[in-house]
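Each of the two complexes below includes chain A, the first together with chain B, the second together with chain C.
For the complex of A and B:
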C-alpha cells in the first residue's frame, strides 16, 4: 500500500472533522432551539461513551462506575449553583465537578484496580449504589430535603460548554491513543503481568487513566444538570448512565477511534426519537436494535462500515 | 562481583513452604542454572526475584541493593528482566512493538519511539527472529514468540535476565539455537539466570547450577558436581 493514500485519507478525515466542528459550533445560528437541546443530549452521551472507552477500551477493565462520576458532577452543580443564586461562574463549576470526579476516581481506582474481570465490574457498579444511598441517607437524616433545584442557565451556554468538553475530550482521547501512555494502556489490556515486568508502572497508568476518564463524566454531569434544573439522588445516580456508555461503545465498535463517537451519536439520536415518537414501545424497539447489533454486527457499526469499505476498494487495508 | 544474592529467602502458600530458606548468589557474567522436579519452587523463586511476589522472610539483593518488596516495574528498570514459563507477549501487537515496549518503559532513561523501534529491530535480528516483524505476535510459532519475549527482556537494557524454561516445547534444532542464543546473551555482558528441564541444555551452557527440591536447596555447584551428586540423582531418578 502506498503512503500517499494514507496521507490523503488522514487529511480527508481531518477536514471532515473540522467541517463537522464548525457546523456544530454555529448550530444555534441556523438550528431550532429543539435542535440545540437535542444536540446537547447527544453530545452528553458521546462524552460519556468516549470517556468510558478511554479507560475500559484498551485495558479491558469493564467499569460500571460512569454513573457515579456523572452523578458527582450533577451534585456539584446542584450544590454550587442553587436556584437561589450562585457565587460561582458556570464554567468554574464545571471545572470543579471534573476535578472532584478525578479525585474520587483516583481514590477508588487506587483501592480497587487490583480487582480483575467481573470483580472490578461488580465493585464499580456497587460504587454507584453506595454514593446514591449515602446521599439519600444524608438528605433524609441531615438536611431533611429531597432533591435540589438548580439555577436557570441559558440553553446556548449549556450547549457551548458541552461542545467544549466534547472537543477537549476528543483531543485527549486521540492524544492518549497515539502516545506512549496509550501503548502502556494497551499492554495492560493484553497482558498485565508482562507489562509490569517490562517496566510499565501498571498501577499508576491505570489509576491516572481512570481519573482522566472520570473528569469528563463529571464535567458532562455538571453541565447537563443545568438543563435538568431539578435533580435528586435517583436522577443523578441512575445506573442507566453506567450501562448506556458500554452499550453505545459496543454499538459503535471499539476497534476504531471514531467508533464510539458514531455509536453514541446514532444511539442517542435513536433514543431521543423513539422516546418522543413511540413513548410506549420505545424500550421494546430499543431492545430489538441492541439484540440485532450483537447478532449481526459483532464489530459494531464501524466494523460494518469497514467491511463495506473493504469490499468497495477490494483490499485488506481499511485499518488505518 | 556478585550480581544477585539471596539470603534465607522464604515464601509460603498457605501452610506450604514453596521456597524455604534458600541461599543463592549469581556472579556477574555468569550463566547460572536452576533445576528441580515439578513443584520444586523454581518459578516461585523467579517470581520472588522479579517482584511478582514478596518473600515472607529473607533478603534479595541485586547489584548490592535490596530489591525484595519492590514493585516489578522498579526491579525491571534497575536492570533485571525476565521471560515466562508460559509465554506472555502482547498478542495483538506486532512483534516489533512488543520489543519496543520494553525499550520504551523498561529503561531508566526515556527513549524516543523511533529509537526504541530501531533498537527493537536490531534485537529481533539478534535473537534470530526471521519472519516479518510487523504482524501481530499472537500468530507466531512458539519459538518465535519466545524469541520476541527474550528480545523484549533484552530491550529493557537488562544487566541480568531470568529465563524461565526457554527451551520447553522446542524442537531439537530450535533447542540448539536457543542454547547458542543464551551464550550470545552472556557475551553481550548480560548475566543469565535460567530455569531449565532440558538436561543436555543446562549441563552444556551453565557455569554453575542450583538444585531445588520441595522448596529447599539440595545442591549447588558446577555441572560436573551436580551430575555426580548422589542427592540429585536420588531426587531425579528415585531411590
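For the complex of A and C:
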C-alpha cells in the first residue's frame, strides 16, 4: 500500500470530524431542547470515557478513580455556584474544577502509581469511597447540611461548554497519541522497567498523564452539575461513574481511537432512554451487557466490526 | 465491675462478634481472589442472597435459620462451581496474561453484581427486612449481648476451623494450598487446576452465603447491603495478605475490633476509617501483615 492512501484517508477523517463538529455546534439551531439535553449527557459520557482511555489505555493501569475527579468537579460547581447570592462566571468555575482535579490527581498519582496491577485499581476505588464518606461526615457534623443546590444555568450554555471540553479533549488525546510523550506512555504499558532503562522518566510521565485525564473529568463534572441543580455526596461520588467509563471503553474497543467514543455514545444513549422507563431493568441489562462484553467481545464493538469486515473482504488486511 | 471495665469488655467482645463475620466473609474472598485470582466484586451479593433466602425460608415456611445454614451450602457451592467453570474459565483461557485476566474477571464480576442485585430488587423490593430470632440478651460480666450474635460468632469460628482442617488434612486442601502458591507449577505437578480453582470459587461463595445467613439473624437486611461487605472483605484480604487464608481469618477479627472502637467514638466515620486503614496499608505494606 502506498503513502497516498494514508494521506487521503487522513484527510477524509479530518473532513468527517469537521462535518460532525459543525453538526454538533449548530445542534441548538435545528434540534429540539430534548436533543440538546440528550447530547449534553452523551458528550459527558464520551468525555469521561476518552479521558479514562488517555491514561489507562496505553499504560494498562486500571484506574477506578474517575468518580473521584468527576465528583470534585461537581462539588466545585456546588460551592462556587450556589443558587443564592453572588456567583463566579460559569466558565471560570469549569476551569477551576479542572485545575483542582489536576492537582488532586497529581498528588494521588505521585503517592499511588508505584502500586502495580490490581492494587492500583483497588486503591483508586477506595479513594472514591473515602472522599464520599469524609464528605458525608463533614456535611453532617460541620456544615450541618445535606446536599446542595446549584444555580440554574441556560441549557445551551451547558451544552456549548460540554462541547468545548469535548473538542479540547479530542485534540489533547490526538496529540498525546501522536507524540513522543504518547510513545513513552505506550512503552510503560508494554514493559515499565524496559521503559525506565530506555530513559523514560516513568513516574513523571504516568503522574502527568493521570493529571491530564483528571482535568477533563473534573471539568465535565462541574458542567453537568449545573444541569443536575441538586447534588449530595451520594450523587457526586457515585462509584458507577468509575465503572461506566471502563465498560464504555471496553465495549467500544480500545484498539482504535474512535472505539471508546462510539462505545460511550451507544451506552449513554441507551442509559438516557432506558433509565427513566425501566430503572431495575436498565441496571440488569447493563450487567448482562458487561458480562457479555467481557466474555464474547474482548476487543469491543469496533473489534467485532473489524473482524466482520476482514472476513467480508477475505483477509486482505489480516493484521490491520 | 467498674463501668469503664464493662465498656472495654463491651468493645472487645463486640469487636470479636463483628470480626467473626468479617473473618468468614474475608476467607471466602481470599479463596476467590487469593487462589482463583478473581477479585469478586459480587462477593457481597452472595451474602445478600444468603440473607434473603434465610429470611424468606424463616418468615414464609418457618424454617429455622440454623437449618438453612446446612441446606444452603451445597446449592451455593454448585452455583459458584458452575460459574467458575463456564464464565471465569473462559476468561482465563482468553486472557493473554495474568494481569489481563485479573482485570477482565473483576469487570465481569461487576456485571454479575448488577445482575444479582437488580434481580433481587425485582423479587424482594427495596425495603429493609428483618425477623427476630434468638434475640434474648446474654450477660457477660455486665456487658449484654444478643444470643444470636454469640451463636453467629460460634458458627463463624466453627466454619473457619472446619475449613482450616479441610485445607491441612485433605488432598483437595493440599491442592488448594499448592494452587495458592503457584497455579502454573501446581498444574504441572498433576493438580487438576481448573477443578481446584472452581472448587475454591464455589467454597468462597458458600462462605459468603453462610455469612449472609448468620448476618440476617442479627441485623436488618436490604438488597443493596452487599457492596459494603465486599469492600470490607477486600480490605481484610489485603490486610491479611493475598493468598494467606489464616491471614484473612485473623485480619477479619482485627478489622472487627478496629471498627467497633471507631464506631464507639464516632459511628458515621467507621466506613471512612476502614478505607483510611486500607489505603495506608496499601501504601506502606501492600503485601499485607501476613504476606510473604
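Here is the rule we use: the second predicted complex is superposed on the first by the 299 of 320 C-alpha atoms of A that agree within 3 Å, B and C clash if a C-alpha of one lies under 4 Å from a C-alpha of the other, contacts with A are read in each partner's own complex, and residues count from 1 in each chain.
By definition in this document, a contact is a pair of C-beta atoms (placed from the backbone, for glycine too) under 8 Å apart; a residue touches a chain by one contact, two chains touch by 3 or more.
Keep in mind it's a predicted model, so treat the numbers as computed, not measured.
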If we overlay the two complexes on their shared chain A, which of chain B and chain C does A:295 touch? Say first, second, both or neither. second
Tell me the contact category for A:201 with respect to chain B and chain C: first, second, both or neither. first
Which partner, chain B or chain C, touches the larger number of chain A residues? C
Thinking of the overlay built on chain A, is A:23 touched by chain B (first), by chain C (second), by both, or by neither? neither
Would you sort A:187 into first (chain B), second (chain C), both or neither based on which partner it touches? first
Once chain A of both complexes is superposed, is A:112 in touch with chain B (first), chain C (second), both, or neither? second
Regarding the shared-chain residue A:89, is it in contact with chain B (first), chain C (second), both, or neither? neither
Shared chain A footprint, chain B vs chain C, residue numbers none
Residue numbers of chain C touching chain A in their complex, please. 39, 87, 90-91, 94, 99, 102-108, 110-119, 121-122, 231, 234, 238, 266, 268-269, 271-272, 275-276, 278-279, 282-283, 286
Listed in rising order, chain B residues that touch chain A in their complex are 50-52, 71-73, 76-77, 81-82, 84, 88-93, 97, 101-102, 104-107, 113, 152-153, 156
Mind pulling up the chain A residues that touch chain C in the complex? 60, 62, 111-112, 115, 117-119, 121-123, 126-127, 129-130, 133-134, 136-137, 140-141, 243, 246-247, 250, 280-281, 283-284, 286-291, 294-295, 298
Chain A contacts chain B in the complex at 180, 183-184, 186-187, 190-191, 193-203
